[in-house]
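Look for chain A in each of the two complexes below; its partner is chain B in the first and chain C in the second.
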Partner chain A sequence: MHIPDGFLSPQTYLPAYAAAGLAWAWAARGLRRTLDEETVPRLAAMTALAYGLGLVMVPIPGGSSGHALGVAMLALLFGVRLAFLAYSLVLALQSLLFGAGGITALAVNALAMGLAGSAAAVLAFRGLRRLNETAAVAAAAWLSVVLPGLLVALALGVQPLIAHKEDGTPLFFPFGLSITLPAVLVPHFFIGAGEAVLTVLVWRFAKARKWCAA
Partner chain B sequence: MVRGVKATHWLLAYFAAVVAVTFIHAPWLLVALLVVALAMSGRGRWKIARRAVLAGLTFNLAVSLGYAAVAQWQGSFSARYLMLVNLRVLLLLFLGFWFVARVNLLEACRFSPTLGFVVTLAAGQIGAFARLLRDFRLAFASRNAAAPALQDRARHAAAQAVQLLDKSVCMAAETALAMRSRGCFDDYADLPAMTPANQPAPVWRPRHGAVRTSYRKP
Partner chain C sequence: MKRRLLLCWLLALLPPSYAHEVHHAVAAQNAVSVRLTFADGQPFAFEAFEVYAAGSDKPHAVGRTDADGRAVFLPPSSGEVRLRAFAADGHGVDLKFDPPRAGETAAPAASEDSSSKLVFGAGLLLALFGLIQLFVKRKKTP
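Let's turn to the complex of A and B:
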């Protein structure tokens, strides 16, 4: 669901960078202390997996892309702060090395997918794990895709309202909320189901090796 | 890279250029900047340009065609908008690929030890993942003279996924041990800070019982 470069106005991405800067500072606080030789290999492996998953993407009509995130498994295994940092790094590397996403859209993408996605996953998991752990993991993964999808659709859909010429011609993203919301959200309902299956499999793998932190 | 210009400065220049480009809404100016960037990017310019075009092609095509259809239907079609958005995306992608081709990303992140540490770790793992995937693909191809059945492919993919994660963790563990041996992890982070208030002068004594040290009280 990366927003590509060049479709977000400075009125959107500059405040987003300010917010993301604060969030990155919060997430990085005490990072070196929390990482040890047990956490680092797992985090690095999962980050690389999320990076690989994010590169298999298809464009969807709303001007975004559809792909699995892997942010739920990062959040469930390492917590929101590490997941946010790791996913931000994934997004930065994807944009610089492959042009997937982009530097101007990095902050919005990171806040939507990295922060909101991982926070939604952890909250859903904690709320539902008493009922059934597998269902809680699946629900967390589904939510970690759909909520960022909603935020990305909102960020794209408001562009014609906040960045246009006097005659109403858009300057950045051309479609309004009436198009972006269904176009981004509907495919992500199904992508979320695929992400749920994948996350349950990785969760079981991690649990068998006693990695789980959430 | 131009001698004397640090990678971090290139990173800042790249960020400034990206922000500046998004404030430009005149297609002719974007064309002029693209020509300047092409002229300055040296021998690899066409390779970078090709990468930029291919990277943005699918998304720009989807948005452009969608816009053309919707705007024609609503009677508000603007060819100038299509030029503007496509040129802007192309220029931003070109700048990004040019920056990566010119500058060592790890060196550019050195201004922050934490960022450098995390980027080194992730870049190393991504490289390891890419190598492993290629090895698996070649091994699978070499062991199947005819095209394998769907079931065989699924079994192979499942086995590959588990092996990939395990091997990746082992490789990252080796990296982590190498990092420990070079002092990357702070083993004394949980100890109380040595402020003058809790530092008995003039001889330093460890206050934490669990700390093993070669220090001997004189």
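Let's turn to the complex of A and C:
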């Protein structure tokens, strides 16, 4: 799901950087009040876990492979703001060290996975926890993968429409929405299921220790 | 006379009809092979790629990677090339390099030491959070 360099047009990544800048500033507000001596080590451990999870590829039915995000557990344990900042840091490290996602695409990746993923997880959890808490955590985790997948597919799929030569040849990513939507979303339905199982395990562990913020 | 004119006209049509034929010439040449893999070593197989000569926005070569994830092409006579490879799900690369030309041997590929990078990245993260922890402690110390 990490969009590499060269796939997004400047018409996409420059506004995305502006939006991400505002979102990072919003997330950093009140950071001093939020962070305390107990939160920082937990956040460090969970951020390191998300960083490692993003690099472990697991096979998906259909011959492809994918990886968990870990953004739902960050969001449920620490809230949207901290999760967004921590996941942006994860994305920057994965990009710089492993080439997993591009620097030009960092803002789009961070907005899709870090912000939309964590916001979707928290909203889904809050909406569903009265019915069944475990199911709410699982649904939140699944949505935290599928919604970013949808946003990434949209960002990629509109590239041929907004950045092309006079003859219509795409200048950046060549596939349209009819191809990117199923190609990105279908594998992420399965990845979301794996993320749900993992997040429920982490949630139970964290809840037993009263770490949860959501 | 009319028949002769008709014959001449028909003969005049012959060269264009020959022009539809596609000729072939088999030659042994030195191609460049770039192997593309995912982080876990799985080949980036059967995906589209494009090769551009330096400064050109018209593709020098287009094709698909093979089952082993290799993009194979004949490079332009000089200069860097830009290789772009795409999967429909957003995976791919966009890289520039100077390909080896006929008679040259490619420099051995740098080994990808993923585990040390992973440890380095985790170390960076923990060091950063360690600094934040120090800052938080100092803030609360009267």
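The rule is simple: the second predicted complex is superposed on the first by the 204 of 214 C-alpha atoms of A that agree within 3 Å, B and C clash if a C-alpha of one lies under 4 Å from a C-alpha of the other, contacts with A are read in each partner's own complex, and residues count from 1 in each chain.
Please note the rule applied: contacts are C-beta pairs under 8 Å (C-beta built on N, C-alpha and C of every residue); 3 or more make two chains touch, one makes a residue touch a chain.
A quick note: this is a predicted structure, and the numbers were derived from the prediction, not measured.
Q: Quick check on the superposition: with chain A as the shared anchor, is it clash or fit for chain B versus chain C?
A: Partners clash after overlay.
Q: Kindly classify A:9 by the partners it touches after superposition: chain B alone (first), chain C alone (second), both, or neither?
A: The first partner, chain B, only.
Q: Answer with first, second, both or neither: which of chain B and chain C does A:166 touch in the superposed model?
A: neither
Q: Looking at A:28, would you say it contacts chain B, chain C, both, or neither? Reply first, second, both or neither.
A: The answer is first: A:28 touches chain B but not chain C.
Q: A:180 contacts which: chain B (first), chain C (second), both, neither?
A: The second partner, chain C, only.
Q: Once the structures are superposed on A, label A:48 by its partner contacts, choosing first (chain B), second (chain C), both or neither.
A: Both: A:48 reaches chain B and chain C.
Q: For A:89, using the defined touch cut-off, is the partner it touches chain B, chain C, both, or neither? Pick first, second, both or neither.
A: Both chain B and chain C are touched by A:89.
Q: More chain A residues touched by chain B or by chain C?
A: Result: the larger residue contact count on chain A belongs to B.
Q: Applying the touch criterion given at the start, work out whether A:98 contacts chain B, chain C, both or neither, answering first, second, both or neither.
A: both
Q: Looking at 58-66, 94-102, 166-174 or 202-210, which bit of chain B clashes with chain C?
A: After superposing on chain A, the clashing stretch of chain B is 58-66.
Q: Under the contact rule defined above, give the chain A residues that sit at the interface with chain B and also at the interface with chain C.
A: Common to the two interfaces on chain A: residues 4-7, 32, 35-37, 40-41, 43-44, 47-48, 51-52, 65, 89-90, 93, 97-100, 165, 171, 173-175, 179.
Q: Taking the complex as given, what residues does chain B use to touch chain A?
A: Against chain A, the touching part of chain B is residues 14-15, 18-19, 22-23, 25, 51-52, 55-56, 58-63, 66-67, 70-71, 76, 78, 80-81, 84-85, 88-89, 92-93, 96-97, 99-100, 105, 114, 117-119, 121-126, 128-129, 133, 161-162, 165, 168-173, 175-177, 179-180, 185-186, 189-190.
Q: State the interface residues of chain A toward chain C in the complex, per the touch definition above.
A: 1-7, 32, 35-37, 40-41, 43-44, 47-48, 51-52, 55, 57, 64-65, 89-90, 93-94, 97-100, 152-153, 156, 165, 171, 173-175, 179-180, 183-184, 187
Q: Once bound in the complex, which stretches of chain A touch chain B?
A: Where chain A meets chain B, its residues are 4-10, 13-14, 28, 31-33, 35-37, 40-45, 47-49, 51-52, 59-61, 63, 65, 85-86, 89-90, 93, 95-100, 102-104, 165, 168-175, 179, 201-202, 205.
Q: Can you name the residues of chain C that touch chain A in the complex?
A: 38-40, 42, 48, 57, 84, 86-94, 114, 117-118, 120-122, 124-126, 128-130, 132-133, 136-137, 139-140
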